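Below: a set of structures, written as structure tokens.
Two complexes are shown next, each including subunit A; its partner changes from subunit B in the first to subunit C in the second.
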Partner chain A sequence: MQEKLAEIFMDMFQDNGLSAPDRLDPDLHLRDDLNMDSLMLAELTVRVESEFSVDIFEDGLVETIGDVVKKIEGHQQS
Partner chain B sequence: MKWIIVTGESRGVGKEIARRILLEGTYGVIGISRSKGAEVEDLQQLGGDRFVHLCYDLDDVEGIKTLYLKKLKPLGVLYGFVNNSASAYDDIISNLRVDPLEKMFRINVLAPMHLTKYVIRDMLLNKTKGSVVHISSISAHTGYKGLSMYASTKGAIEAFSRNMAREWGARGIRSNCVIPGFMDTAMSASLTDEQKDRIYKRNAMKKETEIASVVSTVLFLLSEQSSSITGTGIHVDNGTI
Partner chain C sequence: MKDLFLAAGGCHYTYEQLLKDVGSRGKKCSRIFVKGNEPYQIFVSVVHSLWLDYPVELLDGDFSEEELNKMGIQSADLQPSLIDRRSEHPPSYEDVTALLRPKNWTLSLYTSGTTGRPKKVTHRYDALTRQVKTGSRWENQVWGFAYNPTHMAGLQVFFQAFNNKNPMIYAFGEEQKQLPDLIDHYQITHLSATATYYRNIFPRLQSKVYPGVKRVTFGGEGFDERLSEKMKQTFPHAQIRNVYASTEAGSVFAGNGRTFTLSSSIKDLVKINEHQELLIHHSLVGALENAADVGEWLNTGDVVQEIGENQFVFVSRNSDFINVGGYRVNPLEVEAVLTAVPGVEDAVVKGKKNSVTGNLLTAELVKAADAEEDQVKEAVRKHAADTLQPWKVPRMLTFVEEIRKTRTGKKVRE
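So, the complex of A and B:
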């Protein structure tokens, strides 16, 4: 799962001309550290949903990479 | 194949829009309406595997997520969405009743907003520079006795469209409205000839708006020919000025 998620992030950084971090640390903040704007977060939502069948922003706050991972893991366990 | 959703494709303007898209040949049409299928047999024959009819009541706003995930997404990539379906609850304001008003807002406003949500998500996922066209109404721009409630649903959709254009323009996704004048369709069937005459006299050309002209404008706004047009509306109303 982590690998697939990393692939989604790297694709998006490339598409949007953002510099990718050396590693996807769970503490990295999507907006503040990775400079993702609301449209990029929307794109992240649909890509993650398509891959993992979970809408990460549907309920509650998702701010960091760790939050995204938790949402996916929570869905996979349910 | 890329698809264009047309709601209310079983009759009137919606049917003609679906027919013209199929004749034009670039895209497939996914028709969404309450029709069980008999009314769209001719579209099925015309389009073959380029036409899919989904029987769905847009009054069920909550079900649209499932409609997208289970029925629309598996068909393939969405290129466009024509929000044509609408219900009309006409009365003077002093007679306003909440239930039919809420139902009309669900069908005319909430359902197309929800559908737009999934259309945009699909376009984001597939990097589609798509086009959304809402069928509005001249009643949102000039006043008619008895149409204030219906007109307000169309005003809401026009505002939604304009702001959507702003929001998603950077991704190449466009949104526009076509604003027809009064046409001779089932939507205006309850009007008497005298009422129709009075309405038609209010436009420069003194007659009803031609469906074909409305449909051509919708096809134009869907097509690449209108690639620099977004966030606006085109009046097709015989000059209701």
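So, the complex of A and C:
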């Protein structure tokens, strides 16, 4: 799952003409560290949903890469 | 801070400074176009036009040169011109507000037209400030400014604040992240933003309670009931309001939560047709470039449901447009840009639902037989990013063999 998620980030950053983070550190903050604006967050949620069938922003409480991973894991276990 | 007009980007501008800057302008801009939408520059230009009573067009600083050209605006048209009459002294606040029954002043905005080319809508002062309230109840408000200052919702906040000499604390764009600190520092009492804005900032707000905020307004896109419930915990003393406004008609009505109540002053100017679509009387609508567009009633295309006498809720917004984070996008306009790229034979733009911005634009492309997918994709991305405002750029591109059409030949966007 982590690999797939890394691929999503890589594709997204490339497509947006930005350099992707070297590695997906769970503490990386989506807005502060990766400078993702609401359009990029929307894109992330759409791409993750189509890959993992989970709406990570459903309750709005996702701030870090670790939070994204937790949402996907939580969904896979349920 | 005493006499504060605007706090933005770490700078403070008082009303005194604003009026001094307005008074010292030797030129007028009948088209206001500020790259980056720096709010103070925009507001100085608007107040200058009000003071000297001349019409202005307010252009989004995000418009690309191509978009401006399409609207018939060349870069020479954006140059300021010398003014005929220049006052010795800057205006006083009273001068400017006493003049706020301007005779010649109008303000024009551009909105997504049905033809794919932005359409100009011109408003008179009274219509634009229809919902502005003044008086002692409104005098001590501190506004969190959370909209693009060149759009209708931002102008509504500007006029409400300006006419009561209230401070505005800019919390849009880069400064959105600072909102929790700005609320504390400036003791913001009123916030108005899109649901997308609140959703984006909510993780930063939720760990605290802000008892000083008295009103939280949702505008620009559909109301989000679940988010509103959460906001009530963060802003326990705030009244939650919902505003219906459009570039064509300005702010038309406000409601508590989902439900809108038609006041007696407006109820004869609004009606619902047999398809449950909301119609607004032309007297509430700004002058459109092509007046034949309207007739007596403007069909908003928004579908509503009456739930009691003079009360209704929105069922769906105009399906010809896609609302991306509070910005209305005409997919035809975006498709025209995409199909201009060599190697693209056809394109359909769709809104992909998501819980961050409501919709996100995606595009399906039909490429020419001899074109390479990767090259076309790259060219489309670049052309769209260079040509369109950020929220109009499709974020995900896929290739298809053909685009599905309805029996009447319309592209299927579902």
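A few comments on the model shown:
Here, the second predicted complex is superposed on the first by the 77 of 78 C-alpha atoms of A that agree within 3 Å, B and C clash if a C-alpha of one lies under 4 Å from a C-alpha of the other, contacts with A are read in each partner's own complex, and residues count from 1 in each chain.
Here is the rule we go by: a contact is a pair of C-beta atoms (placed from the backbone, for glycine too) under 8 Å apart; a residue touches a chain by one contact, two chains touch by 3 or more.
Owing to the predicted nature of the structure, the values given are computational and were not obtained by experimental measurement.
Steric overlap between subunit B and subunit C is present once the structures are superposed on subunit A. One of subunit B and subunit C touches more residues of subunit A, and that partner is C. With both structures placed on the common chain, the touch criterion links A:1 to neither subunit B nor subunit C. Once the two complexes are overlaid on the shared chain, A:42 sits against subunit B and subunit C alike. Look at A:10: by the touch rule set out above, it reaches neither subunit B nor subunit C.
Legend: residue contacts after superposition of the two complexes on their common chain; A:31 is shown touching subunit C, with no touch to subunit B.
Looking at the shared chain after the overlay, A:57 reaches subunit C, while subunit B stays out of its contact range.
In the three-chain superposition, subunit C clashes with subunit B only at 96-104, the remaining stretches of 6-14, 60-68, 96-104 or 204-212 being clear.
When the two complexes are superposed on chain A, the residues of subunit A that touch both subunit B and subunit C are 39, 42-43, 45-47, 49.
Taken together, the subunit C residues at the contact with subunit A in this complex read 177, 196-197, 199-200, 202-203, 206, 227, 230, 324-325, 352, 354-357, 360, 362, 381, 385, 390-391, 395-396. Remark: subunit A residues 39, 42-43, 45-47, 49-50 touch subunit B in the complex. Of all the residues in subunit B, the ones that touch subunit A in their complex are 120-122, 124-125, 167-168, 170-171.
Across the complex, subunit C is touched by residues 15, 17, 31-32, 38-39, 41-43, 45-47, 49, 55, 57-58, 60-63 of subunit A.
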